[in-house]
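Look at the two complexes coming up: subunit A is in both, with subunit B in one and subunit C in the other.
The block that comes next holds the complex of A and B.
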C-alpha cells in the first residue's frame, strides 16, 4: 500500500504510537480518566444507536443513519478537538457519536429521532440531528453529500482573516470524496493553506457502491498530494490512534495548512434504516468486520491497561442501558409538536 | 390487559408489509425489544422488536400475509400500559392531507382558518377535524377545502402520468397513505380501459353470481403472473422422452427406499437431478435478463411448484446440484410437509434460479407454463403414459413423458433451449440400475 508522501510525518499513525506515548503509556495530553470518560460515552452512543434502530423497526423513528463502527473515529477526533479547545466541527449525517458525545443528552437524541417536542434542534420538525450546536462548536449539518467541505473551508478562511486560532474539522464519507465540491474545497484550502482538517470516514461504501467501483485508488489520502495537503491514513477503528493523528493534524493545520485524514473504518449497519445491505454485501463480510468492533476493542484496551476491570465494564454497560431505557420512555411519552406551532419560527416576528 | 400490536409504519413511502416469519409463538413470554416477527417490505427485510413485555396470546397476521401498515398483527397479554405512541401512531391522515395542500392559501387568510390556527377559542386543529368545519356553504374557506380534498396532493410524476393519459384523477380511488393517489393507481386505471365507465367488470355482475374475495396469496400470484407475461417474451418448446428405464429404476428402488429413508421415492428427484446437471452444461438457462446484461447464476436453486392450502407456492431447493437423488427426495419431502402445514418461511421461497413444475401429477400431458420471474425458463414434467412407439423397425410399448418448457427469448434462442432439453432427455433415457441414488 502506498503511503502519501506529504503530511505531518507522512505515515500511518500506527507507527507513531510508541514514539508519542508518555511515561504512563498514554498518548500525550490525555489521562486514564479521559479514556474512561470516553469509553462511557462510546458505550452510551452504541446503546442508543442500537435502540434507535429498534425504534425504527417499531415504527417510532422514521429514519436513522447508524454510527455503529464509526465510534472510535468520531470519539477519538472529538477527544482531540476537546483537548485542543479551539476547533470548529462540521459533521455529516452519520455522526451521531460526535454529536451525542459532544453534549446531546440521550433524551434529546431520542426526541430528535422520534420527531417529538423537546428535540433541541427543531422541536420535532427536522430530520434527526440536523441543527447547530454552537455551545459545542458544531455547525448545522447539511444532508447534501459533501456540502460541509466547502463550508468548512469558508469558515477556515474566515478564521484566517479574523486572525483567530480556530481549526475547522469537516467529517465526510468516502462517497462524498467522489463529489465535485470535494475537489473545490480541497483545492482552495491547499492554495490558501487554510487551517482545516478534511476527516474522511472511509467505510468503503457509498450507500451500496463499494469503494472499488468509486475510485481506482486504495487510499483516499493519496489525493492530498495533488492538492498540496498533508495526507494521512489512520486505523479509524482504534480510538488512541485516531486521537493521536487528529491531535497532530490540528497542530499541523494551524501552523502549516490543511490535512486530509483518512480514517479506515467499517459501517456495521446498512446505509440507513431504509436500506437492505444484504442485497449488496455478503453477510460474512459484516461478521468479519464486527471482529474489530471499536466498543469491544476499546473495552479490551481499558482492561489490559488496568484502567477498568471487567466488573466496571459490565457496570458501564448496565448504566448505559438504564439511561437509554429512560431516554426511550421520555421520547415515547413526549408529545408530538403542537400543530398550532406549525408556523412558528418561519418568519421573523 | 390485552393489547393489539400493529404492523409498524416503517420506511418512507412504504405502505404495506409481508409477514416473513414469526420469531415467537403464542404462549411465549416476551421481553420488550425481543425480536418478535420478521417483516418484509419493498425496501428491507427486518426484525420487529417487541414494543412491550408480556405474553404473546394470539397471532393475527399469518406468515406470508401482506397487510397495510397499521393493521393488527398480534395480541399480547401485558401488564404494561401501551406507550403513548403505541396508540397514537395513526392520526387521521385523511384529515391532515388536505390542510397541507392548502397551506399557501391558509397563510394568507389566517383569521378564518381553523386547521392551522388551533387557537384557544376551540378552533378545530389539524388532528381533530376529520371533516371540514361546518361553516356557511359559500365561504371562501369551505370552497377551498372542498376543492383541496378533490385536488389532493399528487406527486409530480403521478400528475404527469395522469395528464399524459388523459386520466381525471378525481375518478380514481387512491390506495396510498391517507387515500393518496399513487402511480400504481393511475396505471391501474390506464390498463383497465374504461374502468371508470364502460367495461368495468363489476357492472357485469348479476344476482346469481358469487363474488369471491381475493386472498393476499391470490393477489400475489396474480401480480407475479402479470409481471412475468408482460415483461418476458415467452417462447415454448416440448420434447418427448422415453422414461421406460426410469420407471424400471424407480420401481426397483422404491420398496427398499421407503423402508430405509421413510420417504416416498417419486420421479421428481431423478428429474431434478438431471435438470441441474443439464443446467450446468447450459448456463444461459440458469440466468436472468437485466436490461443490458444477462446475469448467469452460479447457484442452482430449483423452485418446485406446489399446490399449497391457499394456492400456488414455489418453495426452493437451494444448491440442488450438491444433493444426491436421496438428498433431493428428502428436500422435496421436507418442503411438501412445510407447504401442507403452512410452515414455509421467507427463505424457503427466495432465490430460486430455475423452476420445475410437475404438472403430470394432475394428469396433464402438455402445458404452457409461465416463467417464474425473473428466471430464464420453467420446465414442466407431464404425465407418464404407456404408448405404442416405433423402436428400430418394430412397434413397442414404452412409457413416454413430455417435457414442456417456456423460456425467455431475450436470453435464449431455440438452439440453446433445445440443447438443454436434449441434454435432459439424454440423461433420462440413459438411466439404469447403476445410476447412483446416494
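The block that comes next holds the complex of A and C.
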C-alpha cells in the first residue's frame, strides 16, 4: 500500500494529511484488529458480489450493480464513520460494501437481491438494497442520480437545528456530479456551512460515457472552491488513505462546514448485470485497472505488516465462501412477499 | 368571530403551529425579510429567527430535497413554492422521492412535510404565474392534496396538514388570498383532511368544485335559486384522498352533477369524479355528467380578453346549470 499522499488538492481544504500516525504506523484511531476486521468485511463483500453476479446469470437475481473496485473507498469511509460515531449515510446503488459493512448480514443481502421476504431496505418493493436501513443509519431511496444529495443537505440542516453532532455523508458517482441538483446541494451546503460530506466515487464512467465526455475537468473536487467547500482528491483504491481523508473530512464538516471528497477509483465490472462494457471499454483497460484490486492490495498490506499470514488470508476466504453459501441457501428458501402486503405503508396513520 | 382573508388565515395557521411545535419551520424564496411575495410569512423572521425562517436560493429542486431530508430527521418543514408555475423543477423530489419514501422503505421513513403552493389564475399572471397544477399531484399515490376555498377551511386544514405525518400538497388559490374573506374563530380548531363540505344544500343539481371556483358556484347557485332550481354545492376541500361518499350521496339525491374547475378539462380532477359517478351512481343519474373546466390550452393567457375567455365564472356556471336543469 502506498503512503498517504500529502496535501489536499484544494488549498481551501483543511483536511490535509495532518493526522498523526501512532507508534504502530497505523493512522490515528485504528488498530491492527480494525484492519483485520475490515479486511474480512472486504473479502466477504467481494465474495457475495461475485456470487450475486453469477446468480443473475442463473436467472435468480434480476439485477445487480457491482461494487467491485469500489471496496476500499466504501469500507475506508465507513470505518471512519464508525470510529467517529455520529454519521448518517445517504448511499447510492453501487454501495454494497457500505451497506454490508454497516451491518447487513449476507442472508439479508441475498434476500434483497432475490426480492424475497426479509429484505430490510424495502422488503422486495425496490431494487436490491434500496429504501432505507434506519437500524444502520442509511437512506437510499431512488435511482435518480443525485437526488440523495439535497436530502443529505436537508438532513445536515436538521442536525444543526436539533443541535446534535450528526454529519451527513452522501455517496454518489461521477455521473451524478453532472446533475443540476448536485450544484444546488453543494451551493446550499456552502452557504449554510452545513455538516455534510459529498463523497464522490469517481470511477470515470457514467454507464458507458467516459469522464472526458461528462466534464471538461480532471478533478471533480476542484468544483468545491466554487461553492465555498473544502475539496480533496483521494486515492480511493487505498483503504488507509480513504479512512484518513474521511476522518479529517468528518471533523472539518462538523467544525467548519462541508467537504467534497473525490475518491478516484475503478469500476471492475459493467455498469450492471444488464450492461455489456465490451461495447465501450477496451479489454486491456479493465485488465490494467484490475492490477490495483483493493482486495489483493489490502491482503498484501496485511501480510507485509504482519497483521495476517497467508494461512489466515486463505482461512478468511474460506470462511467468506462458507458464509455466502449459507446465505445463498437462506435466500433461496425465503418466501416471496405476500401480495396482500402490497398496499401497506402508503401513509403513516 | 373575526373576519379575515385567506392569506391571513394561512399566516395565522403557520404562526400558531410554529409556536406550538419547534420542529415546524418554513423555507422558500423570499420568505424571510420580504415575508413571502404574498406576505404569508410576514413577521416570521422577527418572531422565529433565521434558523426557522430560511430564505433559500432560487432553486426549487433543492428546496424540496432539503425539506425532505430535514423531514427524514424528524423536522416538520413547510417549503413554499413561490408560484405553482415554479414547482416543476422540484417534481422529482416531490413525486419521485417524497411521495414514495414511506412506501419504498416499507414503512421506515416518514415525511411530515407540507408543500404550500399558491396556484391559479385570474390575476393577469400569464402562462408562468397562473398555472393549475392540481391534476398532476392528484394522480400520485403517497401524497395528499388539499385545496381550501375559504379562510375558515384554509386555517383549519393547514393546521391539520402541519400536524399530519405525511406529505401534503397544500394548494392556495392566489386570487382568493385577499379577495375571499370570512369568519374565523379566535379559538383553536382544526379541520380533518379528507372530508368535503356541502357548502349549500339543494335538491335538483349537484355542483362539485374547490378553490376559487367554489365561490362562482355559490353565486351561480344563488342565481338559479331565483329560477326555482335548487343547487347543492359540494366543496371538495381535499382532492386526494377524494371524498367519494359525499359526492355519490349528493348525486343520488339530485340525479344531476356539474363539476367545475379552473384546471384544464382533459385528465383533470373532474374526469376522475365523472368516472366515479358513472361507476357508483349510474342508476341515479337523470342527466349527463357535466364538466365546466378550463379549456385545453396552457394556463393562462395574459391578455385580459383571453384570460376571461379561459376562466369559468359565475355566468358560465349559471348557464351550465340551466342547461343541465332543463335536460
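FYI, the second predicted complex is superposed on the first by the 318 of 349 C-alpha atoms of A that agree within 3 Å, B and C clash if a C-alpha of one lies under 4 Å from a C-alpha of the other, contacts with A are read in each partner's own complex, and residues count from 1 in each chain.
Assume contacts are C-beta pairs under 8 Å (C-beta built on N, C-alpha and C of every residue); 3 or more make two chains touch, one makes a residue touch a chain.
No experiment lies behind these values; they were computed from the predicted model shown.
J.: Quick one: classify A:270 as touching subunit B (first), subunit C (second), both or neither.
T.: first
J.: Please work out whether A:47 is in contact with subunit B alone, subunit C alone, both, or neither, and reply first, second, both or neither.
T.: A:47: touches no partner chain.
J.: Using the touch definition from the top, say if A:125 reaches subunit B (first), subunit C (second), both or neither.
T.: Second partner only.
J.: Where does A:154 make contact in the superposed view: on subunit B (first), on subunit C (second), on both, or on neither?
T.: second
J.: Return first, second, both or neither, reflecting whether A:222 touches subunit B, subunit C, both chains, or no partner chain.
T.: It touches nothing on subunit B or subunit C.
J.: For A:108, decide between first (touching subunit B), second (touching subunit C), both and neither.
T.: neither
J.: Of the partners subunit B and subunit C, which touch A:62 in the superposed model: first, second, both, neither?
T.: first
J.: Which partner reaches more residues of subunit A, subunit B or subunit C?
T.: The partner making contact with more of subunit A's residues is C.
J.: For subunit A, which residues lie in the overlap of the subunit B contacts and the subunit C contacts?
T.: The answer is that subunit A has no such residue.
J.: Quick one: which bits of subunit B touch subunit A in the complex? Just the residue numbers, please.
T.: Contact set of subunit B toward subunit A: 6-12, 33, 39, 43-49, 51, 69, 83-85, 88-89, 107, 116-119, 125-127.
J.: Spell out the part of subunit A that touches subunit C in their complex, as residue ranges.
T.: Against subunit C, subunit A makes touches at 88, 90, 121-123, 125-126, 130-134, 139, 141-142, 144, 147, 149-162, 166, 168, 180-181, 184-185, 187-188, 191, 344-348.
J.: Could you list, by residue number, the parts of subunit C that touch subunit A in their complex?
T.: Going through subunit C, the ones touching subunit A are 25, 51-52, 56-57, 59, 61-62, 64-75, 77, 89, 92-93, 96-97, 100-110, 141-142, 144, 165-166.
J.: Can you name the residues of subunit A that touch subunit B in the complex?
T.: Residue positions touching the partner: 51, 54, 56-60, 62-63, 114, 270, 273-276, 278, 329, 332-333, 335-336, 338-340, 342-343.
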